[in-house]
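In the two complexes that follow, chain A is the common piece, with chain B as its partner first and chain C second.
Up next is the complex of A and B:
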């Protein structure tokens, strides 16, 4: 049909409520996430450790049965803050790797193909766009981090009884808070890199480089300047400091959790600034 | 022998590819971060140089303000339990003297005044802090200044653990993986493939361009690092280090290891760029393989670049006391190979990687839509 014959009319159907518009992005991005077999395989792999922990919790409460099978009592881990701290470390590492695979593909295709104006010509703000894109990572990472963590805590609580649950309720809070901080940092870092590096694969490699290189540079600063301030360049060290404090681990920390939190907040603010600078309805091409 | 229908490998063509690629690598905006990687240690050493120079000036000033010139042996004579008179008799009046009074509780209602003093002496290179309480020395703490021996170990550890394993590693990753993968993402590789040039020649040209660019960037940075590292020492100490304590040989070794690292990692990442679409996987795999190298059996160790490079590093880094055994193993160079074997090892590894690249480039097919 020739275009002049078509009579255009404004859309008169039902509108998505303003509060849930950002989730539209999540719905469409989710479909692309599991197209890669490698990515799907890795996502499944992320559930193996929680499963092992679940078996560990079950075995720790069924020692009499195992002793009858000949296993020694001290072979099984005690379910305490150290157990959950190890869980946070393992799942946190897996969350980082999953972000390295999925995160860079979130914004870079939109910028590379010049499709941001198509988003922003609709009743959709930049904040909603960023929120929508970050919700993809946040929801995906939640599946492998704090949700299995809480399931694990619930199973342990049901087996150990009300006394244990009441005494260790803070662990549940620490689990959720630790993972949410990590998810926020990973999401912002991945999206900032994704927005500034148009090539998806390069953005993924950069994410890997930021963490590894940051750790190396921090050690180099500490070595050369004879200081502990270099740790502020090491994001993984900063988050580990916060986790250790949240899980009440009895270790000496060269920098306090407050200092680490402030440093991470600054990193998040920088990422957000970089993101908002790039996510615009127009682009000046020189 | 050339295959029928294919032109010979022409050095002129390789030269043209090298020139084209060099411009792309050295002047591309997307390559700026590689310069940042190379310059970070230089910034670090410059900051250290500045700090060390200021510290030295401060110590010299304190030494000049002392009643009499002091030596390191003089600073060692102060012991706990000495009176302030004895300290002053030994070292003279201190250049800096802080004093304050503390009201210490003796009972529920009684307090006693305790006089505290802090003397600061310096011999121009080291500091001595003497804490006195009620006229008696409670603590004598010597803070040694920067020594070339200690600094050369710090330099060696920054070189081995930061520059070699991270800066050069990620720099080579960025440059060499980009040689073919970057062209595919830019949808421009077909221009090369349509021109009458053998693919092996193209591959060699691109590799040489990458090697020249990485060597230029990282060797310049390393040379400047060595210069800055030696800057704050007095000319006498510098000459002693360079001409009598193997300083020149060590510097040449650092530059040589840097060039070999560019060659080895470059060859690896060139082949990785052809085999993998996503650089995260090979980068992570090679990074982990190189990191766990000390824990591998001897046979497997030989299939890595860091094994040979570590053997060529001029300064052995000692593990500090109390280091966990696993970390000590990571730091140590348990079974180094002889220098000629190490150099040959890197060349063999690079040749193997380039051979695989030449096989891969011959059967490479472009499908831009799948990227």
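Up next is the complex of A and C:
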């Protein structure tokens, strides 16, 4: 099909492996995401807190320098599970806001412009499509969550020595696990909303509403029914419960981490069902 | 009840060009039924389609698009089965999709993407390596006539340009079968002509086979050599278009001339001639030295030659009138 020949010719070259094709979606979506200056700016902003933490870790191990500056030792936080828990909370919130920016634009344009049949008329399944689209969020959120978290841990480990590293190795596992649970929930929630709501802004607003109204609804149920089971409607409370358990925070929790995990699993399953119901080449209208 | 349909016996002048792929039918339907809820959209379709360019015809709601979508694996059959190039649509969907290029009926694009990025992405999703996909995206867009506009965002394209972009994405990966669902929808006459010309070029290139779904008879007539007509989810007719056109042997057009006579005498002879034909029970209409007639049952062409010989009338030309696709379609609809 050379340009100068102006005639059709079939393709007989090599093909890429089937498993790699969902990454095609990631590449093209990423290009689109960083077209927006606001979004790019916010993404860059997400690295400020890890940078501050990094400086904090460095300063905490250079006490002579601090004393020369006249600062008391106890003015600087200890680098322990509380430090990393705070890091998870801040970066988790930023991850949520970044998802509210980027998530709604992932699937809704494809549905609005009717391009789903073009994806699925190729050797490319619905599962691969969902995987490809969710990889956009997963990779993007990884850049600002567990990757800087591990870098922070590695820097602390290198400065604190083998003894500290060995005693606190579990923090690295908690960091990765906490963030991956959060990324999975955010990705599925954002994509389900993106699939069902055509307008990007509305889908973004809905994502915020799910979390904030969920919290309000949970409080209302707890207040009216004098119970703690309202917390099951509050996704941010559920994830906070899991994080607190993973970081061994010494607090009383009205619901256990196992109960919170089961509730979040149910939310994920519902999102996945909603997603698969909407992501199809043609919708059969009853 | 299932109806097995095969194209009728060859007798026309133009034969469909045989392809290597013809050994296996392009599409084989075996009692295929598709149901949405309680509503049966396709009912017990059985046919073996082997044409180079097959037209899917039928009134709105006949099940044309549903058949295409079922072949692509978008809808699951409620009973029966179908095969594309010998691959089962239930179990080998992925293989079928790698062999098929599909141009859907409705708008289908990604508005914030340039045409070249869009077509390239579709190529990559079909398995082409990035460099090859980029090269072929440029070629495909040149081929369909969007060379100058290939860096523009698809959202800014006119309807005709979007149709061409859809065609480009359907051929980027070099499919063996091109499925076109209403390709001339919303096109102005010149754009339609261009699209039809392109489809004919692709067909004549013999690199792939085409299934064209349309309710516009003219589009199918201009591009296809076989036609499958659907009516209320059933096959109403399936035939080779060229054979079908010439199958109606009852309508004749004659041009006559009487040797060594002046034109007035010739006309007089013709009248005698037509009178004799009418006595056989045939209907005639005379215009100058041309006679149009419908042969009565039991009357053969040799009877006409005999009458002409008895009256010393020379038959200079005898043509069977060709049925148009509209005639074939209406006949199928009446049936």
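Heads up, the rule we're going with is that the second predicted complex is superposed on the first by the 272 of 286 C-alpha atoms of A that agree within 3 Å, B and C clash if a C-alpha of one lies under 4 Å from a C-alpha of the other, contacts with A are read in each partner's own complex, and residues count from 1 in each chain.
Convention: a contact is a pair of C-beta atoms (placed from the backbone, for glycine too) under 8 Å apart; a residue touches a chain by one contact, two chains touch by 3 or more.
Remember, it's a predicted structure, so these values are computed and weren't measured experimentally.
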- Which superposed partner A:101 touches (first chain B, second chain C, both, neither): first
- Answer with first, second, both or neither: which of chain B and chain C does A:212 touch in the superposed model? first
- Taking the superposition as given, does A:281 touch the first partner, chain B, the second, chain C, both, or neither? second
- Message: Quick one: is A:204 in contact with chain B, with chain C, with both, or with neither? Answer first, second, both or neither.
- Response: first
- Task: Quick one: classify A:113 as touching chain B (first), chain C (second), both or neither.
- Result: second
- In the superposed model, does chain B or chain C contact more residues of chain A? C
- Message: Touch test for A:62: chain B only (first), chain C only (second), both, or neither?
- Response: neither
- Task: May I ask you to decide whether A:221 touches chain B, chain C, both, or neither, giving the answer as first, second, both or neither?
- Result: first
- Message: Quick one: is A:229 in contact with chain B, with chain C, with both, or with neither? Answer first, second, both or neither.
- Response: neither
- Item | chain A residues touching chain B - in the complex, by the definition given at the top | 100-101, 199, 201-202, 204-205, 208-209, 212-213, 216-217, 219-221, 223-225
- Item | chain A-touching residues of chain C, taken from the complex the two chains share | 36-37, 69, 72, 74-75, 94-95, 97-98, 100-102, 104, 106-113, 117, 121-122, 124-129, 132, 136, 138-140, 142-143, 147, 166, 169, 171, 173-176, 201-202, 205, 207-208
- Message: Quick check: in the complex, which residue numbers of chain B touch chain A?
- Response: 37, 40-41, 44-45, 47-48, 51, 154, 157-158, 161-162, 165-167, 170, 173-174, 181, 185, 277-280, 283-284, 287
- Query: In the complex of these two chains, what residues of chain A are touching chain C?
  - Reply: 1-3, 6-16, 18, 21, 24-25, 28, 32, 35, 109-110, 113-125, 280-282, 284, 286
